[in-house]
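Each chain gets a letter, A, B, C and D, in the order it is written, and its residues are counted from 1.
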Amino acid sequence: MPSSLQLDEPTVSTTRDALLLNYEQIRHDSELICAPLETEDYCIQTMSDVSPAKWHLAHTSWFFETFLLLPFVKTYRCFNPVFDYLFNSYYLTHGQPFSRPARGLLSRPTVAEIHQYRAAVDEAMVELITTAAEMQWQELEPLIVLGLNHEQQHQELMLTDLKHVFAQNPLHPRYRELSSPPLHQVSDISWVTVDKGIYNIGHSGAGFGYDNEYPRHQGLLQPFALASRPVTNAEYLEFINDGGYSNPALWLSDGWTCVQTHAWHAPLYWEQRDSEWWHMTLGGMRPLDLNAPVCHVSQYEAAAYASWAGTRLPTEFEWEVSVSGLPVDGNLRNTDYLQPAAASGNSLLQQCYGDVWEWTASAYAPYPGYRIPAGSVGEYNGKFMSSQAVLRGGSCVTASDHIRSSYRNFFYPKDRWQFSGIRLARDL
Amino acid sequence: MPSSLQLDEPTVSTTRDALLLNYEQIRHDSELICAPLETEDYCIQTMSDVSPAKWHLAHTSWFFETFLLLPFVKTYRCFNPVFDYLFNSYYLTHGQPFSRPARGLLSRPTVAEIHQYRAAVDEAMVELITTAAEMQWQELEPLIVLGLNHEQQHQELMLTDLKHVFAQNPLHPRYRELSSPPLHQVSDISWVTVDKGIYNIGHSGAGFGYDNEYPRHQGLLQPFALASRPVTNAEYLEFINDGGYSNPALWLSDGWTCVQTHAWHAPLYWEQRDSEWWHMTLGGMRPLDLNAPVCHVSQYEAAAYASWAGTRLPTEFEWEVSVSGLPVDGNLRNTDYLQPAAASGNSLLQQCYGDVWEWTASAYAPYPGYRIPAGSVGEYNGKFMSSQAVLRGGSCVTASDHIRSSYRNFFYPKDRWQFSGIRLARDL
Amino acid sequence: MPSSLQLDEPTVSTTRDALLLNYEQIRHDSELICAPLETEDYCIQTMSDVSPAKWHLAHTSWFFETFLLLPFVKTYRCFNPVFDYLFNSYYLTHGQPFSRPARGLLSRPTVAEIHQYRAAVDEAMVELITTAAEMQWQELEPLIVLGLNHEQQHQELMLTDLKHVFAQNPLHPRYRELSSPPLHQVSDISWVTVDKGIYNIGHSGAGFGYDNEYPRHQGLLQPFALASRPVTNAEYLEFINDGGYSNPALWLSDGWTCVQTHAWHAPLYWEQRDSEWWHMTLGGMRPLDLNAPVCHVSQYEAAAYASWAGTRLPTEFEWEVSVSGLPVDGNLRNTDYLQPAAASGNSLLQQCYGDVWEWTASAYAPYPGYRIPAGSVGEYNGKFMSSQAVLRGGSCVTASDHIRSSYRNFFYPKDRWQFSGIRLARDL
Amino acid sequence: MPSSLQLDEPTVSTTRDALLLNYEQIRHDSELICAPLETEDYCIQTMSDVSPAKWHLAHTSWFFETFLLLPFVKTYRCFNPVFDYLFNSYYLTHGQPFSRPARGLLSRPTVAEIHQYRAAVDEAMVELITTAAEMQWQELEPLIVLGLNHEQQHQELMLTDLKHVFAQNPLHPRYRELSSPPLHQVSDISWVTVDKGIYNIGHSGAGFGYDNEYPRHQGLLQPFALASRPVTNAEYLEFINDGGYSNPALWLSDGWTCVQTHAWHAPLYWEQRDSEWWHMTLGGMRPLDLNAPVCHVSQYEAAAYASWAGTRLPTEFEWEVSVSGLPVDGNLRNTDYLQPAAASGNSLLQQCYGDVWEWTASAYAPYPGYRIPAGSVGEYNGKFMSSQAVLRGGSCVTASDHIRSSYRNFFYPKDRWQFSGIRLARDL
């Protein structure tokens, strides 16, 4: 069991040699993430949204098998036809997938068999990357890059889902030994202002971007101010102590229904022991760091907090315009804390990348001119553009080369098991 | 039982005399709408979204009692303190309301008692309007105007809900005898183009607007084209016959879940008899008019149809910019068909007002700079700005003086019991 | 509106003239029971088990139409073919009935139309009874007697269901003005002992009995003692005050699940106002009479009480053997209290008939040799012999000629909306 | 992985040496049963009724720790206090147990840790059995015997639950390699008659019996006939092919609801491949042996079959009286088929023990004079005496020394995952 993930986390590249290297490293990262697990830990599904770790390991391999090996490698023999049913996530144009909430009911294939599946896929993929004719390569390369980004998303989900699994267990097991982030006293929020204007939104430049980040287009923003850093646990506790969870006037109607139905009274994973608050982390139960960003709140809680504070959440466009010039740096997965940390440094905007995904006020919707890509990979993003909200900036479990200013993550307003937090905005 | 509603539907006015007249006419309209009902029809709640007609009659009176009479008329005696609990809809800052799904479990107060309640409220309101001191009038007048617009919304809901009630009954009773709209052969859709530009969005001018229509602000639109008229039943049947309801590639993910969970295979209220399609109307079961706009579809169905047609739904801003110059005219409640009718005339954009509420692609969200009003009436709109979508243009059951280009209606993407239809748009 | 039901409640007879008289009186009784109702009260269904009063009125007529008029009267024209679907309760061999939980969603047919339906059925039934050929009469007569007993059962259900409807309403309307029963101080429970022996069980003699009371057969009983009277409210309060509802050791496992799921803490319809207990009655909210039998408890509560008291519930055989010699007399519907009353008199066994149905320990099962009758009426009793428990003795809303020592009523152990109470037994 | 269970299955004995041997063998059997499993197989819970194998292993140890070691061994240190919460099944007087449907959400403790737990308990138990003072032994011995019988029950449940787990998996893994039982053509059912009379019911003699088998008492039976053997798959197929699952007249009302709600159309685990029926076994998917007893039917299906065949289910008393003289022998766990087999031999009554648990018509109820034992072990049986039905005779997964004629098993009428079948009876 490694004492640290030690992931090199290479940037996904597009030259063939570099891509081969990327392929090997990213695929290896998934296995490194699972290295601290007991066999039993791979199998558990604690709610519909959570998938067992072994399912993630198999599904990411299914992606390469289904979209690369079977269509492009004549001699490739399907590893096991039933896996096509078991490890398809939601590609309905490809076939009816196995029921999502039943993923935790499968003891077989075993973890060992899934590792064999991964090895077989990897062997064939390496062969394909190495030997594909140049003409075919034009077609393969974007699919491989998509597959690697897809795998990095699932690496984040593995950590998120494992946290949920360990948190439901009264034994509070830790995922592995992890250092606690350093403590700092953070400064009060200051406000960074942006003028009214027409701004460019969406992905630009040569690197990879998902279809939902395109097309780059112009948007008109009213003047606004963005908070210098996310809301801290200390600040969120003020909201709690001021009766935030029992004052319906602060809440969206659907949010208030959640509060009452699920008896929400604090962020997910918080637990009061005597008068002190603790929270579950991947390193086990720990006392709450009051200076760290509040995490594991729903968009409803984020909006209620903002309302209580006399502010609002930023739109995703305000966020992107404010952040787009900053270096991609922060408490991401490679710091190996795997929990949000108190802000340090004295830049104007802090913690834009890493720590917590920041809920925006924006519904997840297509950009003007967006077209769903052809084929099954067209189901990757577009069909989820309903009733979900956009989050920006990555978290402490996001791979450091898997985030950028135009990156749009999306979850339902009620979701709390992601590493999601709050950055405030206000009108000028 | 009247042979026609014969509603004069006066414009809501703001001079005191005119407002008194408005008050009397609009309050009377609610009763006219109920005149054809049997006592039993007033009591039924066929799903959570539906309220019994007698509840609507009482709730609209509760609004005046609670927000006008009790705070402003010292001598007013509350009609029945329990009514404050029973007929509060969702004003949580005012108190915990009676459970919404249980509204149909109340045989008492009787319809006769609710009419007495209305009469008592009306008597006190007329006195208040007539005698309020001028200084107080500045405060009262916007609340009264709000109350009257609120009542008009509930008039539409009464007709919508009664249709649902009658449609669930195997006897298929009709609400009342209603003429069928004239038949026309409609022309093919043509496309009205709008240039890229910065446009003003939101309510302007002196008339009443809800808080959600404010503040008027600028928005940047990409060039687009809007369909000349809504999608017809004939066009929608092509989608059905082409397997639209069994092709997941056309659907948003949440929409496909609805299709499967509820076994959707046609719009709500459609019924196939031998090879012909019929649909339930407020005038009873009738054969489908193939030239009339398709109605009672969810936003999911609207989006799937648009996807099948290689188009998309317009944003609410595209809709408003396109329509804002047109006269407010169409098959609204005062034509007394109470069902959508085939387009007639040869204007470029047809049926923008009336016939069917048009689903837009826009999530219901606050305009830049929007602020929730103070007090309980602040719960009117803002707290619903989550997970719902905007519809525009009014329908065949909307009062003709209760619609305008900036009017934003909103329902969940899955909702089908409203008179909701489809207008297409496309990128240029 | 009558000041009292004034029901003569004739014994169901089997001579043709007497049966005609019975028919007219029993059918009239159903309408008398409804006479105090407002039209709105006829329509409400507050849970699946409850049916609207107008449904009861129609269903009892459907019984005569379906099993007598349509098969036996050539010239009879079905009143409305849709009624056959709407008012079939559960006779699956006759056809698929309308969904039971949706009975409250039907505003039509109106109450007036149902009265017309009753009148049409009555006219044809009177004609049939009067003119049927003697040979046919042999076949008709048992079906008519069954129909009348069926109608009496529904009369009791109407009162039971109306109580539930009025009790859910925050206005607590009363069904009609009703006298309160006289107050008495009851004596302590004494115990009536029965020797071990072989006893006859089941219906004997000439009068009507349901199929489930047959065949009369021998059973072997161990010696036991039966309590002289049902448990009172005062006694049940001791159980409550001793923590009965929070001590799992007293409860059957399924019962404890109910306690926790539904937060049971007192009998249905009890309400604590300051320190005093009130309960809903058909005469409105009233203070609890501590000497009256506890009512509206489930079999789980009855068993938990018995366990707390160191006793048990009697089997239905113990009950029948103990009671079979006693006159059928008590606080039944004809006393017109419509609520349980304190025991009076000084007989050894008190309140065996009337006041409350007494839960027994016996699962509802067929007697040895029982055969389900042929035809649709075979669905009357036999198919319910699973997972239900037997109650004996009738209640304050049972017609006085509709009860006997062999009468077996049955409900699920969790049911509380019946007038159900507790009589204890113990081993000797 | 052993090629056979090779369980010696000793009779539970009561001399101290013999009991020590029993203890060691029975505890070892539980581990032998798990030997063929992969680690992943230990963790899965496919429905609420199913527990993961590792939970069974831990819970049976918890029983000894809680009811023997902690109260009687001063020096014993609780292995892990959280286990007391995790592995309590339903002993509410002992404390609030961990949520039953969440047993499959626990990856920890691992299988290895549970084996350590078992070893620690076993070490202390062996010490206790060996060294307890004679006076204390009188108290210990019945609790140890109960714990061993309890463990044997869970051994059966492990096999039953594992079958459910493997059957839900589209890969249809087999538990282990198992021989198929020999094929035989079975004879037609003949009928064994029993005279009317007073018979003794309940446990007699010196061996162990559960509290629910006591007290032995007299019961009066009417004359009846019992079928010579259980209903076969061939016979059950006739019922299916005759439309048994679509004819409501054959079903109990609650059973018909199950048929429709769950779309039952064959026994659990049956699957039609082309025209042939296969079924899942612990040895994997196999063609149906038409001569073997039908298995995995609910009591509702058993009763519907009996009704279709013009017969009925026996009462548990009829079963016991008929079988009580026969030797305890049959296709029990020690034959190591772990599936029902065709009857062989020519005794009058065949397959009374083993093959399938036989549903009786009897509700699970206390015998006359039954008293719940004091203390937490009083929760063992009595509190389940509601809404369940009795099964008799053991099955192909019952330990051969864990069955007797007075043994009362009980499940809900809807349950199908047990090895449950049908033996018919009829009146004479």
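Things worth noting here:
Going forward, a residue touches a chain if its C-beta (ideal position, glycine included) is under 8 Å from a C-beta of that chain, and two chains touch if they have at least 3 such contacts.
Source: prediction; values computed, not measured.
Centroid distances built from C-alpha atoms place C farthest away from chain A. Each chain gets a centre from the mean of its Cα atoms; for chain A and chain D, those two points are 46 Å apart.
Averaging C-alpha coordinates per chain places the centre of chain B 60 Å away from that of chain D. Note: centroid distance chain A to chain B, computed from Cα atoms, is 39 Å.
For chain D, the set of residues touching two or more other chains is empty. Chain pairs that touch one another: A-B, A-D, B-C, C-D.
Note for the complex: chain D touches chain A at residues 38-46, 82, 85-86, 98, 102, 104-111, 165-166, 168-171, 173. Contact residues on chain C toward chain D in their complex (touch as defined above): 90, 92-93, 198, 217-220, 222, 248-249, 251-256, 299-300, 303, 361-363, 365-366, 368-369, 378-379, 383-387, 413, 427.
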